[in-house]
Structure formats: structure tokens, C-alpha cells
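Letters are used for the chains, namely A, B, C and D, taken in the order the chains are written, and counting of residues starts over at 1 for each.
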């Protein structure tokens, strides 16, 4: 059977729905040692900032049941190095790029969008609204203030060349994810990526100190999948025409099915890249086999299936 | 996908042995064995496909043999859930192993005198290193330390491979009572050492680096930072390291290490972000530094 | 060594910090087949309502990585039956009772508090603020509105006989758990129980339908522990004198240590009672052994240890 | 803690066998064996201590033997992660088993004629039941159905124990093509049955109850609802059942069942809350109903 795996994010077509999650695949180079990086839908690159950032002190991670806590704090070389060194490498291997941007303050987002969308070969821009705003000492995130989040999206959209999709990356631990999503779409986001890590903490029972430096970290991995699927489901219900990149704990092809049935058009593999460096290729294979076994001709037919009855049942 | 990069394989366990306070697991992994250079490590998935322990466990490669197309051995002590699970493996079980990972020990071009310093299970990577050095005609001396006698690592092998082997234990139950650094200076003098290689906990590496520096001898250290991925994508394993250009960067100990030149590691600042590190809050990026950065690693 | 396990919740002393979580141990009768119910700190009973409630349709549960989703919807026989049948049984076996109450609207909470605190032998009242208010068709929870939550606490406090501690049970998925906790304490809660289940969802990939009836369910189990520990840590930081009953994914004695170090005075075992019916007794034993191995003489010394340096290290 | 309630034990696996499409695991569990009555089940922890699959899996007890102080056997087909894990157990592994759980089949006082109806692996609890009934002098007839020949359960044993045994398969690969209810009426007539016992999926139990009712014969059904705890504390396994007092309650199939009188189960309303159920949104609590409720179960 010839299963049609193609999906669309706004005006951009991807060969299949499996992408990487920002910050969990670098810019593709390391994982390309384990599978053909051009074979998956796209690589979402680690959020890039205007300037180099050294990130947070160690320890930066702790394992938790079916998940992990981390605080890398946006470490990266800055947008210049990214555009000169990392992006060209990815494109040279035939990879498709969703470039995640993180600004310190609204204006930086505009500058980042301008530079990134001017670069050759970028497929889409993802706006990281869920990491703490480095320009705000209180540690507040853009998603904590719906109007701030919308302002960032509006700025990015207006600095991004037309036709290039802008995806707003949301968090699950917000007062009302549907309200946030709606505000981002009204600010002209072409799609939504959801969800980012969820704030949490672990105590190291050997030292009796917080297990990651600074106390709170971001929880990711299969543990948070029900939170993520719930967000995707509710947002798709409210905004059925807006493409969603679903993520949070994807480990198998069946998890891709779960996210797509809840309403995602594409699905990102994050933390599981750490535990299984060939995960993206395996997940894509398992997903394809699932579609074939169910006799579904098009991957897109799955999108939102859990909102209807009797799809492919 | 690459000929000298790491591979991921499901390898059969050949055997699991107890060695004093340690377990040794040998797996059949030709792809890893053929690529291996000493100082590199493997990362092993633990707990099975439906385990709640998501992350791999990193272990230094202790030995590589040509049997069965290529076997790889690593040693470990039971510390938590992952190592407890590993200690229960039996022959023919399959392990999901990724490797070889990390930068190997640089080897001297000339047949010089080398001291190899290890603490506890951290000594593992020194044994294949000793073999490589011997093959190049280097003189090898060992200084191995541990908490107690049963934690001293492969004393017999060390004695066999090396010109001399000195042991220290915290409780004096074997060799000299004390720490490796108490005896290291004497060994460097006695053996006219040209280079030091060290593996073990961070405080030991720092002390070894200080002693070697005091004797004007270069030192290579292999660090053991907590690692989520081991392949370079997660950025959780970083430590502050000074580059050739004098700029301190937070580098990934899994792919930029685990082997570093001792004097380049800012031991005092491990666990923090030095104010002058590239991109630290206090850092003022000079355009020169930025240009250097973008020139770096452009393939 | 003679380790002192006693802890206090307001004016009430418990022999040890291990209690059951509401809705995860009935009123103690079923678990008493597996261990001595009087040996643990207390039994928190399933939230009781004024009238009998039939709860939600099936399927009511789905397994998720290191957790489960559930929607039981407050099924129960009503407060009369509880006070005549369930509570006396628990007390007859020497058990200590924290009675969880759930009202449909603020007034019902007052009535429940009056009746429960008039009954003999109740140790404390827990106010379930985090389940949907059955009198509100939108499915809103009391915790979603800080002033509503405070109003409920105030009402319960004023209808509860003086000297009996009132614990406010909070959720993790609220805009600001510290603000909520502070409001409850200002409304004269004597302590806080945290956290309840976190809203989430799973899709059954066989049927492509939501795995629990109604779509969204409550996520519980070890998966949510980092969220729960994070809430306890932040609230203890803000309100160091307020006793907290910590819960969310407790499975072992080390997890009790983790919650206490984050700031809890007592720690509840919930979902793990389902997978291990003797869990409470095992957890208490493991916790006691941990204290002994570390040479800590008093369990209370652990409370908040992660906020200080060098405790018992 | 109690002499006839369930116990929780770590039991050694005696053996794991393949039986057609099924696996049979026998564990040594004297405490469970001695308490067992037919219709009861065990719940088994799967995946080990650090598994991400938290919940136990319930299985009907298929056989109990006095060997090694008491063994318990259950049968299962591989369906998902838990049963896949169980199928990989070997002799001497330990399983954490809780049981016996649930209300057993009520046995007739007199030596009457009983038809036992089972679907697929749902047939398991009928075998110890058949033994008990035979010991009381009852006539036992079997009607066993399945999707295909290899899923028909213990056909040989059924033939041995029972007076007659009729088989149906969906694909006609064994016995009559069709469903158990296609043949049940005839069996009831031919064998002059006084009682029906049935286990299997909910739609089958509903159809069996209808057929038995049509013949004026009482029926006991054992249901298989999804269960989180199996011990009565979680309230996730409820189904609507009409009590002796005519009031419908959402009862726990793990402790109030899994065996119910067929005509008391509101099959049409499984998966919903009937409007007239005790405490349903539409329910108006009469004081009589409430008084009845509080009188119930007061120990």
C-alpha cells in the first residue's frame, strides 16, 4: 500500500509528520550519526538567541519517573553562529528546518525573526514563548501573560517574510491554554507547537538539596504526555483549522497516532531522542506501519479523529 | 550513518562477572569494538522497553576483544536503579548500547613515560589506555586509589601491564593509607614521568591536575558529569573549559570530552557559570570572540 | 535507635507522617485486609458529599506512563451513610481520620463541615477544592478562582468545631499555587494538602476515542511527582509555618523524604495504593529505615531541609 | 490481616506454558490457593519495580493445586505491554500477586444441571467451577466459543469434565460456526438445565442472559471491567446493577462482583450512568432509599 504521509503546516508541506522538538536535537548534526536526518519531517532547532548564552549552572538534569527535569537555560552560541555554522550543515544534508527563536524581550524577537527568515532554506519559525524571558529578572515566561505572548507573536510575524509559517510554542502549565492559543492565532500565528516542559522539581535524597541547580526545572518525557495530549485536544476543539505540532513524551509510533487523533498535524520527538538517538526514524517507521495495518491511506485523515466517532475504527 | 561515529546496537550479553565490589559485563558489539579508542564510553539503556527509568547510563569501556567479531566490556558498581538492573542481567539477554562515545585520550607521538591515575571504578578506562601506550613503546606506571581494598580496581592487571603500580586506600586496607595525590608527586619524580592521565571524581581530578602542574607535567583528565543523552544534543553535561583562544566556554563533557587537558578545566567553577564564560550574564561579547566562535567547527 | 516519627498538623499530633490520599483508600476498610490501618499516620477518606452521587460513566480509567488517568466523579453514598457506616468502622480499628469533604456550592461545604466535625473521632477536615464544582455546569473547580476557594475555606472553618484542623486541598494546575495557598491560609486554613490530580487526557489508539469517558481526566501517580514536589517547595518557601500534607506519586520511603525535604509535614500515598495494597505500611517502613540509616532522631527535622544547606547530609 | 480476605505475596513462578493461543502461568501461592473459591481472580504486578506500567493486571484463577503447599494457575493471551511481559517470565522468577479477589460463583445447594458458557480466555474460571459443581453432584455441560480454533479454551478438559461440550467459532474452524448464543437455547433444552454460568465479554454476557431468561433459567455472569485496583478502593470498575431492593447502584465489579446475577446487570446502561441510579444527576433520593443505603453493609 502506498500510504500518503504528507502533512501541511500553513503553506509548508512536510513529507511526513515526525519532527524533532526544540532543544532535543541540536541542529540535527549529532542525531544524523544514527539516521538520515532528511528522512523525517523536519528538525526543530534549539532555540536560538541574539547573543551567545552560557545557560544555567550544573547540575542541569535529574531523572524522574518516566521523565526528566532539566534546566539548560537557553545555552547557545547566538544567531550569527547558528546561521553561519549550524543551519547550513542541516540544509546541506537535505534536512528541513523549523528554527526556534527566543528573545530577551519583544524587540529581540523581531530582530531574530528578521535575520532567520532572511536566511536561505528556513522552512518555518517557532516562537519559544515558554522559557523564562531572560530580560525579566522575576523568571516570568511570555506565556504567563497572554497579551505579552500575543505581542511577541505579532512582532515575529511582522518581521518574518510572508509565506513562511510562524508557530507559537505554548506551555501546558498556564491558566487557560485555549485562551492563550486563541490570542496567538489572533496575533497571526500560522500554527501552534505544544507543549513545552512543565515546571517541576525533585529533591536529591542523598544531599537533601534540589536535584537541579536553582530548584525548579522543566519536566519532560512520557510522564507529561497526558497533559500535552489534553492541551492539543482542547485547542484543536476550539481552533480546528489551526495546524498544531504536538509534543510531550512521544516515544512510539502509537504516541504519534494519539497526538494526531487529538488534533496535531505534526508530532515532535523530544526527550526520547536522549534515550534513543534513532528514535525519530523508529517512531516514523512504527507510525507508518500502524497506518498500513489500519488501512488508512492518508496520515492527515487521522488529524482530530478523537473528536469524531468511527474514524478508521 | 557514519564510519567512525557512534553506533546504536542491541547486543547480546556474553557474560556478567563479579570482580570484588564491581560487576563486569561483556557484550558482543562488533560495531563499537572496531571504532573504539581508549577513553571512550558506551551508554546503556536500562530497565527494558517499559521502564520508568528513561535515561541511558554511561560507562567507560574497560576492554575490547576480537572474539565473536568484537566484544566490549564495562565495569560498574551498583549505585541506584540502573546499575542494580544491570547487575541482574544474564548471558544472552539483549542490551541496547550506544557507543563508542566521546573524545578519546590523545596519545603521545613519542615513547614517553606516562603515569595513569585512577579512583575506584573511575580507573576502568585506564586499562585499554595502558595497552595502547605500551604498544607505542611508552613506559606506564599506575597509581590507583579507592575507599577500601575491595574497591581497588584490577590491581593484578595493573601490576602486570605497568612498570610500577602504587595503591592507596582511604582506610589503609590495601597499599598506602591516603589519597592518590599523596603519592603521585613521588611517582612522577621516581619514574621521570612525561605525562599524566587521570580518571575519577572531580575533586580527585582537580588535585591530580594541581600535582601534575606543580611538576610541570601535562595531564589529561576524563570527567564523569551527569549525562542525559551522551550524544551532544541535550546540553546537560556542561563544564567550564578554557579554549586555546583563552575564552571559557560551557562545553559538553560527552562529546567535547570526557577527556580534557587538566589545566583547561576550570575546576573551581564546576557547578557554576564563571562570569567571564562565553555568553555568561557578565560576559561582554567582543566582536573578536564572536568571530572566533563562528569560525570554530565550521565543517 | 529510637526514631521519633511524630508530626503535627495544626494542633493534631499524628504518630507518623504517612497518610492515605483522599479517594485512594476508601475509608480504610479494604486496605485493612493488607496491613494494620492504625499503624499509619491517618486515613484521608474519599471526599464525601451531602447527597449520594453516582459519579461519571465508564471507562473511568486509563494507564499512562508511570501514572493513570481517572474520572470517578465523586461517586459516594453521601455524608449520612459515611458517618453511620464508614467512619465508625475506621475508628473501631484504631484508625485516625482526615475526612475529605466536597460540596456542591459554598453552602454545602458549610453543612458538611458542621456534620462531620460534630461526629465523634474525626481528626481533621480536608476541603476538596480541586474537583469540579458539581453545582457549576462549566466544570470549573473552586481552585480556579482564588476568592471562591478562600470563601469555601472560610465557610468550612466557621462551621468546624474549634481545635479541629482544616486542610485546604489544592491543585498543581492553577495559575499561581502560592497565591492560592496564601489566600486559603488567610481564610484560616490550618494546613494545606497538595496536590490533587492534574488534568490530562489519553486517546485509546485502538478506538481512536478519548480513553476515559468525557475526554479529560485527572493524572496521578509517580509521573506527577515533580509537579507536586515543586508546588510543596514553593508554598513552603512562602509560608514556612503552615503544615503541608504532600502528595502526588509517592511510591517509596525515599519519596516521603523528598516531599518532607521540600516542606511537607505529612505525606500521602494515593494511586500507589491501587498497585500495591500494602504500600502505606511498606512506605512507612522504608521511611523509618531511611531515618535510622541517616541517624536522624526526629522525622520533623527533615521538614523543609531542601531549603537549608547541610541538613542531615 | 484477615483469614479469608485476599493476601499479597511475592510468589515464585513454577512454570509458564503455551496452550494454543494462550499462556498459562502457575505460581506457588499457598495463601491464595487455600482461600480460593471459583470465580475469583488474582491481580498481578507487571514490569518489575521500576516499570512505567503502574497498574496490576487482573486474571481469573483457572486452577488451584495442592503441590508445594498450594499453586495457582491463570491463563492469558498477549494483548498489550503487561501480558507481553508476563509471557516472558521464566520458572523461579518472582511475581507480586494479590488474591483471591472478588465474589465467587454462588453454588447451588442441590445437585442441579448447569450449563457453563465461556468466550475465549473468559472461559478460564469455568473450569474450577465445573469441578466444584461436579463435586456437589451437579450435571455440567459446556458451551465454549471463540474467534477461531486456536482460541477455543481447553476443549479437551471441557470434554473430560462435562457431560456434553459444544463449541462454536466465529470462522467455523472448530465446532459450529457462529456464537455461543446460537446454540445455548438448544443445550438448555437438551440438558434440562437448571442454571447457567457465563464468563466473557460484556456483549456475550448480555446475550447469554437474554437466552437464559427466555428459557426461565437463572444465570450468573462474571464480568471483565477495566480495573485500576481490584481491591475496591478506586471506584473505576463500576457497572450499573439493580439491587434486591430494586434500586440501581453503580457497584464495583472487583469486590461487589465480578460475579453478578445476569438479570441484575443493566447491560444496556453499561458505560453510562442510568438516570434512575442511586445518586445519578436525575435521581431524587427518597428517604426510604437513603435509609436502605445506610443500613446496607453496616458491619
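Definition applied: a residue touches a chain if its C-beta (ideal position, glycine included) is under 8 Å from a C-beta of that chain, and two chains touch if they have at least 3 such contacts.
Here the structure is a predicted model, which means the values were calculated and not measured.
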Item to check | Pair joined by the larger number of C-beta contacts - A-B, A-D | outcome: A-B
Item to check | Distance from subunit C to subunit A - Cα centre to Cα centre, in angstrom | outcome: 34
Next on the checklist: As a quick test, compute the distance in whole Å between the mean CA positions of subunit A and subunit D.
Outcome noted: 46
Checklist outcome for this item: In subunit D, the residues touching two or more other chains are 52-53
Checklist entry - When you check subunit A against every other chain, which residues touch at least two of them? => result 65-67, 221-222
Checklist outcome for this item: Among line, ring, star, complete and other, the chain contact graph is complete
Checklist outcome for this item: Interface with subunit A, subunit C side, in the complex: residues 64-67, 69, 173-175, 198-203, 205, 207-210, 215-217, 219, 221-227, 229-230, 233-234, 249, 251, 254, 257-258, 261-262, 290, 302, 305-306, 309, 311-313
Next on the checklist: Which residues of subunit D touch subunit C once you look at their complex with the stated criterion?
Outcome noted: 1-2, 5-8, 45, 52-56, 96, 98, 225-226, 228-229, 231-239, 249-250, 255, 270-273, 277-281, 283, 285, 290, 293-294, 296-299
Checklist entry - Which bits of subunit D are touching subunit B when the two form their complex? => result 47-48, 50-53, 81, 85
Item to check | Residues of subunit D defined as touching subunit A within the complex | outcome: 52
Checklist entry - Touching subunit D in the complex: which residues of subunit A? => result 65-66, 222
